[in-house]
Amino acid sequence: MHSMNSSASASTAALQLDALAVPFDTAVDAHEGASGLRDISLTLARGERVVLLGPSGEGKTSLLRAIAGLAPLSHGRVVVNGRDVTRAAPELRDAVYLHQVPVLFPHLSVSENIGFPLMLRGVARAERTRVVQSLLARLQLDGLADRAPHALSGGQRHRVALARALAARPHVLLLDEPLSALDPGLRRDVREAIRIAHAESDAGILLVTHDLDDATAMGDRLAIMLDRTIAQVAPADVLFARPATRGVMRFLGLHQEFTGHVENQHTVHTPLGDLAVPSDARQATQGALTVTVAIRNDAIRCETGSTTDAGSHALNGPVVHVHHRASGSSATVQLAATTVHALIDPLHAPAVGTSVSIHVDPRGLLIFPD
Amino acid sequence: MTSTRLSRDTRASRGASPWRAIAIVLLTISTFVPFVILVVQSSGESWRWPSLMPDALTLVAWRGVAGGAIGRAAFTSTLLALATAITAVCIALPIGRSLAQLRGASRHVAAALVFLPVAAPPIALGAGLQIATLWLGVGGTAAGVWLAHSVPAIGYVALLFLGVFSSRGAEYSEAARSHGATRWQTWRFVLLPSLRGPIVEALAIAFLISWAQVALTLVVGGGAVRALPIEVLSLVRAGQDREAAVGALLLIVPAVAALAALRVGVRRTDALPG
Amino acid sequence: MHRRSPLPLLLAALVALPVLFGVAYAALAVLGLTGAGATGKLDWTRATALLTDRTTWRSVSWSLYVATVSTAIATAAAAAVALLFPRQMRTDRIARSLATLPLPVPHLVAAATALMVLGQSGLLARLLFFAGVISEPGAMPPLVYDRAGVALIVALAWKELPFLAVVGIAMRAGVSRDLEDAARTLGATPAYVARRVVWPLLWRGLLPAVIATFIFAFGSFESAVLLAPVDPAPLPVLTMERFADPSLARRGEAYGLALIALVVGAFAVAVHEWTRARWGALVK
């Protein structure tokens, strides 16, 4: 039952998923093509944190549970630390699954809960106590060793669950929506606990969430799940700069979309004027008549007054709405062909009705074939 | 918002006051008067029409319990009820757990099936059981009656554990196995301990089902098995009110005790269903 | 752990087996194919005699009547307790405890006590005598062994109340304060909230328990045998009589009566489970 760490090379991934298909309805006989996730492939390195991000729905949880051995797979391979565990029982996978609401054994104290994996493995009492004490300290649970689970606060329960998972010394930690439906204070608490857990162990962490901000804060890489499969896996900055598909782009919500008519290889005509096609997007425009042009929100600026400067693709229109947010202010401008949201300086916000000119930074352009 | 709630409560309590007072009076009468009557009846010397109280108090009926028919019947009932309780829990716990895996229509069908022996009118149920126990060679014996009592008890307890295992049980199991526990370890270290409360509850309920049984005991036992309720029934029909009252009070006491044990058991564990 | 195994349903069927067996045997017995006096050939005479006998139907309908009235009374009382005493104040808690305390008291005890209280020379009669309302036992209106089944209804209702009160209280507690507050902020008066928010949830949550109570009342033997009239005899008592009848034909009819009772029971169980499926998750 002890993890086979010693023989694994440094480059062995903590977790590798090969073309998994996960059925949604576990009571029905699974077969490909039915409702469920398909073609899920992912590699999780030791000590890496990957966040599975996607709209709320059953898929992400089912995937985690399938990896843990708690839900069936209809196709594919799960490899933990170089060992194929696709057919293995949950207790033999070295992959610990943590429920969204922490599941602590009600009849055991905090220290007994944490020591549970050690007790299972026959670790001697003295050693068990030592490990439990150290975990209690690391996760700021001092003084709670003999407390009963029902007497713990929400944040404390999350930390006990994480401590217990660490005690099992797994290769993979599977966290199912750990921050969903938590108030901000609790959220910070749990995020911090996960950070500590990450620091304490070299397990790969696979985390599920539907919140983009949580994902970017907690993930080394983000795996966007759309249309029942993984659309893109990349670090956050790459994701924001180069979303791979239109679906990912829309999911991230950081771009504004417009229909573009291809004039030639270098130019595309949009409601915001003729824009230059970025060099790496030339392929997308080949042979196409219309494409989707996506412009990053922060690539659209506006300035008061009009401009007729032909070289900067300027366009003019009145401001119809100004929106101030903590993350930045924007003005909604009515152009001849469309409305557009432009970033503005909150200290010099144009009044509604003012005529402004729109400037597009061509570096923020993405082209998606229709 | 708080002030609105307070004024609403005050208004409500003022407005509903007469009904609540009436209700409490009625409830108190309804709950205690039968008990009081039984106590007086059981210790009354010559309580004839039209006296509102017996002429004198006597404990002769109570003293007669120890060596008499009532005492023996109470003993028989206790053994039967204990046997039924243990049988029901041993058989129905695994069944309830198995049923908890079902979903959708199958689950409802299973719940209905399991409820059938509980809801079936006992005389009718007894008819079939009488034949069955005769075929098995235990007709008219205590063993046969024990089998008969176990039938509705198993149904009820299975429903109970179906509920218990449907709530958090699955998650405890998953957490345990994900942390490395084998099936057996999961049972031993997680499921069984957290089942202590529900098991106590199930034992109490199965005990009560057997303890209070009349029809099944009559039909399957054929009058040869003198459980306490049968004894009390005979006494009532024979007009021996004083002895019947003693028996009736004896019938109540363990039932109330079982319920008290239940409430204590409930408070101790966290793992009971909502 | 995830394969679709037939085992659970088989186990459920096993638990129900005695009832299913009883139904099968009773059907065979009443048709003369088995049991005492069986001819081994399909014999409709007993079944016909049973179904055409007015006694049978008077018995069934009288049992239904008693079960319905007693359950209605108990339900109304339980709902009243749940609605009148929903809070955590001491009075409320005392009231709830009073209502649920008699839960473990056996049917038989309730019936025996009812006999002592409501009998011709029982406690109530003596109180009335004391108050000068009646002058002798014979003047006491018969509440026991009477065709209206008053004592039986009272005994059954008294026994059913704690169980329904427990369920009703739980259901009432499950109607969250938030729901009521939401309604109030939308402009609803307390009376409206009680009528249109709490009550609809309460009765739906209570319904399975009401049906279970009804079927228990319908099939109760010990209460009926102590308090019911000879004619019309309630179904359990009639069945018992026929069982003990020296005539083999009558004994065969007993199985027919048992079959009728089982069918009513099975129907009630089906309705019970249907209401649980439909409304079980409404209040939690």
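Here are a few things to note about the model shown:
As written, the chains take the letters A, B and C, and residue 1 is the first residue of each chain.
The rule is simple: a contact is a pair of C-beta atoms (placed from the backbone, for glycine too) under 8 Å apart; a residue touches a chain by one contact, two chains touch by 3 or more.
Remember, it's a predicted structure, so these values are computed and weren't measured experimentally.
Highest C-beta contact pair count among chain pairs: B-C.
Compare each chain's C-alpha centroid with the centroid of every protein C-alpha atom shown, and the nearest one belongs to B.
With centres set at the average Cα position, the gap from subunit B to subunit C is 16 Å.
Inter-chain centre distance (subunit A to subunit B, centres taken as mean C-alpha positions): 53 Å. For the pair subunit A and subunit C, the distance between C-alpha centroids works out to 56 Å. Each of the following residues of subunit A touches two or more other chains: 27, 70.
Not a single residue position of subunit C touches two or more of the other chains.
Subunit A makes touch with subunit B in their complex at residues 1, 27, 68-70, 89-91, 95-97, 99, 103, 105-107, 116-117, 119-121, 148-150, 164-165, 168.
By the touch criterion given at the top, residues 1, 4, 8-9, 11-12, 16, 19-20, 23-24, 27-28, 30-31, 33-34, 37-38, 41, 49-52, 92, 95, 98-99, 101-102, 106, 108-117, 119-125, 127-129, 131-132, 151, 154-155, 158, 208, 211-212, 214-215, 218-219, 229, 232-233, 236-237, 241, 244-245, 248, 251-252, 255-256, 258-259, 274 of subunit B touch subunit C in their complex.
Across the complex, subunit C meets subunit B through its residues 7-9, 11-16, 18-23, 25-26, 35, 80-81, 84-85, 87, 91, 94-95, 98-99, 101-110, 112-113, 115-117, 121, 123, 125-127, 129-130, 137, 158, 161, 181, 184, 190, 212, 215-216, 218-222, 225-226, 235-236, 239-240, 243, 254-255, 257-259, 261-262, 264-266, 268-270, 272-274, 276-277, 284. By the touch criterion given at the top, residues 103-104, 168, 171-172, 174-182, 185, 189-190, 193-194, 196, 269-271 of subunit B touch subunit A in their complex.
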